[in-house]
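A, B and C label the chains in the order they appear, each numbered from 1.
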Amino acid sequence: MKRANWAAWLIVLLGALFFLLPIYGTLDFSLRAQKGVLSLKAYELVFADAKFLETFTFSVQRATLTIVFSLLLIVPTAYWVHLKLPQWRPVIEFITLLPFVIPAVVLVFGLIRTYSRPPLALTGSPATTDLLLVGGYIVITLPYMYRAVDAGLRALDVRALTEAAQSLGAGWPAILLRVVFPNLRGAVISGALITFATVIGELILAVFLARPAFGPYMAQLGNFRAYEPAALAIISYALTWASLALIDVFARGSRDASQAAAVR
Amino acid sequence: MAFLELTHIHKAFGGAAAVQDFSLTVERGEFVSFLGPSGCGKTTVLRMIAGFETPTAGQITVNGRDLTAVPPNRRNIGMVFQSYALFPNMTAAGNIGFGLTVAGRPRAEIDRRVRAMLELVRLSDFAGRYPYQLSGGQQQRVALARALAIQPELLLLDEPLSALDAKVRAEVRGEIRRIQRELGITTVFVTHDQEEAMSISDRVVVMNKGAIEQVATPFEVYNYPRTAFVASFVGTLNRLACTVVDAAAGTVRHNGAVFATPAPLERPAGAGVVLMLRPEELRLGEAGGENRLPGVVTSVQFLGAIVRVQLQHGETPITLDLFNERQLRLPEVGQAYTISFPPHACWVMAPNGHGPSDDHP
Amino acid sequence: MASLAEPLPAPAVRVRLQFSWDWLGLVPFGLFAVAFILLPSLTLFSGSLLDARGRFTLDNLAGLNTPVIVNAYRNSLSLSLLTASGGALLGFGLAYAVAFGRLPRALRTAILTFSGLAANFGGVPLAFSIIATIGRTGFVTAFLKNEAGLDLYGLGFNLYTLPGLFLAYMYFQLPLMILIMVPALESLRREWREAAEGLGATPWQYWRHVALPILTPTLLGTVILLFGNAFGAYATAQALTGGTITLVTILIGAQIRGDVLGNPGLGYAMVLGMIAIMAVCLAAYSALQRQSEKWLK
């Protein structure tokens, strides 16, 4: 059906224009920091800014903490539910869907109101506020992490693997460490990378909890400088793209909507 | 004039030929099976008859009408798929009535026909069920009713029983044949299961690598196969490498033994041939016929109605089938027996796989 | 071996109470859920239903009926509805082109990859990119003015209003639609189309009677997902308009920074309203998911 084909190409072309023009525009703008010539000056300025490194490191560290605690929380729980408590599965799944109902603004509102008064005062010091921050990040990425791990578990025959391991003498820690986690490598990596991309660019929690993260830094810079924000935007796009590309490399990732995290 | 005529059909995908020089005539009301291994082209031919593939060359005629260039939705051909392909968003009744609905028939007529079809496949109580609420066998019967509801000139079935359990398979198979006889509709049935093909067809088309090996009734295909492929694909077969002793008398030699075969042989004395024997025509002991062969039992499989005995004669394995009897004493592994068989159980083929089959009454 | 004449010995029957400690394995997750999801939600609920002295009241909810808040809800709802339906329609067209347009395999993969990427865009980088493209000094604006004589801003177009937000939101709504619809379209089994054709249906009849009904739960579910996605968005609107357009999320954000409405309970009430809307979305989405899973088992 040759007729249909050119229509498809036209639609794709229009779509491509809509999506690629802004990126092109940003890239172009970011290369014009030096008047009249294309240069990487904006990028140099960004990398030279001490606050860039500070906030970027801060966010990377918090992202790592989020990933670690999130996995420690979710993988054993999902495994346990699959194995022993399948009747609790709907309940757990419902809880993991709640973050969809609670947008980030609402979440941070609730966290602040709950934990800013004694006896649960956690907003006093940076360390305890970070606890709220990381906890909030885990909540935001909960649906994606859980779905990735759950899909991975469903692809394995969890019961059979566990029974085989037990019959060979393994206890629970050994089973988790040597059987469950290694076989979930794909799901774990995929979830970790989505979490990373989300946390790096996250704005709402960081701003309202007044923590020096990368998101607020990007927002603030936009108020004072012209070209550096463009460079930052490109850097942030590149980071997201790299995260998703790594998922493909490590996790034979299926491309589906579960990879669209909430950065809005 | 034949009802369905396929004339010199060719189909090539890219460079590879999937179907080569396929010609066949099918009479009105006949039930024909395409039988062959995976990849032999049987489904491709079926899809060309239905119109989902176009032949690279050749012509397809149904009831005098040249259909080669007609799109599938105007061919009035009913098709049943291996995966049932029932529309999941409609009930059984909705599925069956679909052909008439898109043809714009009045509601009353559609309801009447749907009810008649449900009764035909014996699923009258299941009209309101959705496909996910039906078992595999039930879904396939609904698919059959759906194909027949439009009163097609031709019914095509693409491995319809492959996805079903063994027991259900036999039931649905019988249903299909019963309905086909009742309606008298010309039918083409594709399968790789030779028991299926043989048990319900008027004629069997055995295919291999895109070409026809033999077209004949099940009895002929089984007992008088035209090529070694057909002989070994259909049923179990024993082969003995022999040399011709006397071509006119039809005697061949295997190691020390000499066997009598029913007809003069085409190959001269001293030529190498292959002697083919069906397991059920061999007997343990000397009462089976004038041809004798010693063997030692290597295994005995009790299959219920049949007892399958494997023997070894030197380098050659021999399979022998006995009918079960209650007072039967099963042969034991390691026992030596004389295997005997009559001349008319033998047929001889050239080593390359082709050979004339005997004249038969 | 026992003969058939003797009865078999009766098995010893013991009733043993099986008390399972298995539920303990859920404690860590449960604690986390309570601390970070349930407790904050409870605080919000109770805050909206209690007055300054801790007594139950519906005044806060009634207080939602002020012009500012009503306006915010109207803006949020209309923006979400527009981007959801616009995203659904245009996204369906794109998804259809990708699934059935016989495009080269590499192009299809590239489009899906990019969609995965773009669905994650938002906030400051996206706002900046949009401004750089069709802001007052954006390069497309300049291009249109210089090459085509089309003065967008002269004609009244303004990026920093709802239409501008619409464009920005489309940037991440469309890809989400594509990511969901392309696999859904490709999951339409070829045999359904062939069976329909064999029964005499034209392509349009096939779509009308078979394909669209099968896809409807997924389509509706995606529209709802897009709606919820837009309704809860904050960063993009804030970055693009600086909070000048009142959306519910923007208003809540302002409320966190300080009591801008003169009544703390109102903030809670707004949040409650927001959660209610999102909960309805979630319920509808789940119901549609279950429906489509049931059919396509």
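Just so it is clear, contacts are C-beta pairs under 8 Å (C-beta built on N, C-alpha and C of every residue); 3 or more make two chains touch, one makes a residue touch a chain.
Everything numeric here is computed off the predicted structure, so don't read it as measured data.
Engineer: By C-alpha centroids, what is the most central chain here?
Structural biologist: Smallest centre-to-centre distance to the global C-alpha mean: chain C.
Engineer: Busiest chain-chain interface by contact pairs, anyone?
Structural biologist: Answer by contact count: the chains A-C.
Engineer: So, comparing C-alpha centroids, which chain is the farthest one from chain C?
Structural biologist: Between chain C and the rest, the longest centre separation is with B.
Engineer: Need the CA-centroid distance for the pair chain B / chain C, whole Å please.
Structural biologist: Chain centroid spacing, chain B to chain C, equals 54 Å.
Engineer: Counting only Cα atoms for the centres, state how far chain A is from chain C in Å.
Structural biologist: 17
Engineer: Which residues of chain B touch chain C once you look at their complex with the stated criterion?
Structural biologist: 50-52, 71-79, 81, 83, 85, 87-90, 98-99, 101-103, 130-132, 146-147, 150
Engineer: Give the list of chain A residues in touch with chain C in this complex.
Structural biologist: 1, 4-5, 7-9, 11-12, 15, 18-19, 21-23, 25-26, 28-29, 73-74, 76-77, 80-81, 84-85, 88, 92, 95, 97-114, 135-136, 138-139, 197-198, 201, 203-204, 208, 215, 218-219, 222, 229-230, 232-233, 236-237, 240-241, 244, 248, 255-257, 259-264
Engineer: For chain C, which residues are in contact with chain A within the complex?
Structural biologist: Where chain C meets chain A, its residues are 22-23, 25-26, 28-29, 32-33, 35-37, 39-41, 43-44, 47, 93-94, 97-98, 100-103, 107, 111-126, 128-130, 132-133, 138-140, 170-172, 174-176, 179-180, 183, 225, 228-229, 231-236, 238-239, 249, 252-253, 255-257, 267-268, 271, 274-275, 278-279, 281-282, 286.
Engineer: Can you list the residues on chain C that touch chain B in the complex?
Structural biologist: My answer: residues 189, 191-192, 194-202, 205, 209-210, 213-214, 294-297.
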